[in-house]
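To start, the structure itself, in structure tokens.
We call the chains A, B, C and D, going by the order they appear; numbering starts again at 1 in every chain.
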Amino acid sequence: MKARIEIVRRPEIADPEGVTVVRALHDLGFSEVTRARFDRVISLEVEGMSTEAVTARVEDMCRQLLANPVLEDFRVVIDP
Amino acid sequence: MKARIEIVRRPEIADPEGVTVVRALHDLGFSEVTRARFDRVISLEVEGMSTEAVTARVEDMCRQLLANPVLEDFRVVIDP
Amino acid sequence: MIIEDEETAPVETSSVHHQLGLTDDEFDRIRAILGRDPRPAELAMYSVMWSEHCSYKSSRVHLKRFPTAAPWVVVGPGENAGVIDIGDGWYVALRIESHNHPSFVEPYQGAATGVGGIIRDIFTMGARPIALWDSIRFGPLGQARNRYLLKGVVAGIAGYGNAVGVPTVGGEIGFAEHYSNNPLVNVMCLGLMRREQLVLARSGPEGTRAILLGAGTGRDGIGGASILASTSFDAASSQKRPSVQVGDPFEEKKLIEACLELYERDLVIGVQDLGAAGLSCAASEPVAKSGMGIDLDLDLVHVRESGMNAVELLMSESQERMMAFVDPSRVEAVLAVAAKWEIDAAVVGTVRDHGNVLVNHGGETVAEVPAVSLVTGAPNYERPLGEPQWMEDLWSNTVKFVAQPAIATALLQMLDDPALASKAWAFEQYDHMLFLNTVIGPGHDASLLRVKGTDKGLALSVDGDGRLCYLDPRRGGARLVYEGALQVALAGARPLAVVDNLNFGNPEKPEVMWQLRETIEGISEACEALGMPVIGGNVSLYNETNGIDIYPTPVVGVLGLAAPLPSPPPRLDRALAGMELWLFGTEWAINLAGSSFELVTFAHIGGRPTAPDPTAGRAALQAGQMLAQEGVAPVLHDVSSGGLALAVAEVAIASGVGVTVRYSDWRHLFCEDPHRFIAAVSPDAAIRVAGLAAQASIPAAPIGEFGGNEIVFDRNGIRAALDLGVATSTWSQALSRRLV
Amino acid sequence: MTRVAVVVFPGTNCEHDTVHALRSLGADAELVWHRQDTLDGFDAVVLPGGFAHGDYLRTGAIARLAPVMGPVAGMARAGRPVLGICNGFQILCEAGLLPGALIANSGLAFLCRWVEVEVISDRSVLTSLARPGQVLKIPLNSYEGNYVDPSLSGRVVMRYVDTPNGSQGGAAAVTNLEGNVVGVMPHPERGSDEVLGSADGLILLEGFLASARVGAGV
């Protein structure tokens, strides 16, 4: 199966990269941009039978390795 | 409006993150993972009227700054 | 946390101050100072300024003990960093800081913001930060959590230090179970400046403008570092997570360049960095030190998030911010410099002679308190202290050796110990060459930096210890100072000054306070014996998790001046086949208490470590410095953790040549008693070397030769040998192989 | 005297080291702020190492849009010597002045160490005074040092003796067809003094200055 993990930075956490990129876009004349946020998507190919089982395992991977619980929230989507 | 840009690494380009993470997941006992790919999602808040106009502008931003044609393809989704 | 619209209403409920970490007595003290109940913003300011982290209320009475004076000291403890005059019109600034608790909560960002903070302390003084050292300690690598913390901390130091453009040229990594839930992350920073550029945290006269430079203020670390570093750790600490701060090395790099330009063009009267206690501290400290007050308008502070109230604005620990005090006629020029470097700046206040910190927000006065009361009004605790009842048992708990252990096996075991093995896995992640100053970088004893435009060099070492100090805090603390000074001398430098970082447990326990007092006593005695002042440092208390305190762990940085810079300087990797191996210092030392040998081979910690000997210590410094300066010993290396056996093995591995060591009692090989070092000497220099040793009146003798491809220990013909290739690969991989 | 512009972006940090090394070779090296839009009067330009714009988004991505990059491209077209060191290499790729791109090291860790590089060709402004086959000892210092070039159109002029970062074909330095635009990942300016461990980098910087004097590519 394919698992798609969306990892988003918690809103209250500072995002220097976003700030810097907005500055750069304004320099380029794209003054209409008011905010930029950077998130990550991790696509996994996983062997497994039931969507439930795979979801549970992948959520485990996120907690243990893929996401940083202090700074990020994550969402797992499975397409069988 | 909100513009969502998916930056996808070209398949022919090496992906050190992906390779390393698969190894790390196996070390953690997640042997069912056969492949991992890392992509980025950039969410912009953009002032603008028509979806078409905004799409055009954002694609422009991608070509000029947000994506590197050597390494990446991009896809723009606008939700008004 | 009090987040209410009625910001001007006094705080009725006294429970609020508990949430902020203030005791009832402290709350009453505040009432007495104000003659009324404090408003929320006022209580918030007192809570951060009077926190252990910012006020040193438990340690100040003991810190007084440190010797702090010497002719070359320009600025001693009390400012953001100590400053030393190295001649030729050059000053150096030095300081060490800890970021222990934040690094446990989020290792990458905790370590990164620790680096950012110590760098600000240096360029706040007017100096360009030119080098960093990291001293970090973790639990055993057998546990996944500890591996995660080590990887995260090293990546954080690299991620921030490399990008901000300050090389990390040395450091140390230690391990012990006690640090499993309480890693130690201490970082030392060195700065260099022309004499004219020295700046202090002063506010200037009535009418001076306060300009806030750098990152926008957000809700980062509300009740963070200062509170985090001032209370113990437990399960509940996970709730402190939302206060994690994120570092932005890019913003700090711009801030460094902007501030250095301000100093060069003499545009500021004084500056203060925003660290723990953020705006509360930066607004009050400089004015208090100048006997002034300030009108502060929070509506003018540039923010990252909207809707922040006064309490949040005053307590925020957002990183990469500086407060500059500027004469009204210079304000435009300062704002122009900020604009050039693409950093935000805002005039947020005006210095007043009313002596108060008067804070306005939304057109209302939200705080009006005497500046001095925030900075020096905190109580000074003479906390009860007492020698732990376990000391006697510890001292009598020694190993009785019935037979001689297998020496080669014992050495191989030590070479495979992550605490003793190569740290290349870590320091190759650090840029350690930027600025073209690094003559001797990581992987040797002291770091040696050249000072361009002079014939001088700066030698620095940083060493921490928990085990010896647990066995005897006074002797352990003193030995750290002697060890650091010796390493600096072996680089050809004269030791000039010390900074210290005191990482201890819960000060409300008499045993911990005793350990703290004894350690400070030991460090002070050694500094006095060697004529070195303490010019700055940091105290980190409450390093305790679930009631278990860490080992008492002081970290000592020693700064030395090499005039001239020895060329070529001694290095570990310059031994050649045919050279003689010399040992300097008392050869008959046999005390194994607290040694790595007893720990690694017997998992034993006990006995009483040998006390340092000032006379022997001074002799070792003199001999080492002369040998390095005359260039008669291509290799000089001190004997410390792992004893003579490991010291010799390190030289053989670094130089890629075998060695034979002659000994009489096997315990000489593993003893770690102080004031001893080894050298590689070419036979034709032997006479001169012996002469210099005699001149310094230090025992010295050849105890072996370099050559072959084995490390051999020889007792009247009975040989124990270890293949150099095996030793090298074991030592090189001991750390990295445990981290994959 | 040869006038060399050393460009400073916000976040650049090797500018002073680069100037120091070039001046030790008698060049007249000057810092130029990234917002400057002319390089008139300069014989050559160097984009030094560091973290321009914090390496945010992609390393070199924001820097390549700076006003100074117009004149840099102009010098490249005019056949004048253009050198990108480390972060400067990444900027030249982002700017399309060199083919390919630089991605994260295969080890996914920053790498700062002395490396040995073998000179493959002397037909570039950087290697003009070096012998093909010659091995030089210079410091490497990068996280994104892993060169990829799907077009295979970049000419490798220096190769790692033992590739530490996964770089395609072991590429340590790459040039355009004309040989006047060069990107090098290790830092020649850091190998500029025996006191620091090696002076091999001077062979490269001398070649660069020599090319600047004759005023053209090789």
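Here is the rule we use: contacts are C-beta pairs under 8 Å (C-beta built on N, C-alpha and C of every residue); 3 or more make two chains touch, one makes a residue touch a chain.
Computed from a predicted structure; not experimentally measured.
Of the two chain pairs examined here, A-D and C-D, it is C-D that is joined by more C-beta pairs in contact. Between the Cα centres of chain A and chain C there is a gap of 36 Å. Work out the mean CA point of chain B and of chain C, and you get 41 Å between them.
For chain B, the set of residues touching two or more other chains reads 64-66. With touch defined as above, residues shared between interfaces to two or more other chains in chain C number as follows: 248, 250-251, 342. Chain contacts: chain D has residues 53-54, 56-57, 62, 65 touching two or more partner chains. Chain pairs that touch one another are A-B, A-C, A-D, B-D, C-D.
On the chain A side of its complex with chain C, the touching residues are 12-16, 19-20, 23, 68-71. Within the complex, the chain D residues that touch chain C are 10-11, 13-14, 16-17, 20-21, 50-51, 53-56, 109-113, 139, 141, 143, 187, 189-190, 192-193, 195-196. The touching residues of chain D, counted against chain A in their complex, run 53-54, 56-57, 62, 65. Residues 6, 21, 24-25, 28, 30, 32-48, 54, 57, 60-61, 64-66 of chain A touch chain B in their complex. By the touch criterion stated above, chain C contacts chain D in their complex at residues 155, 158-159, 162-163, 165, 248-251, 253-254, 341-342, 427-436, 438-439, 450, 452, 567-568.
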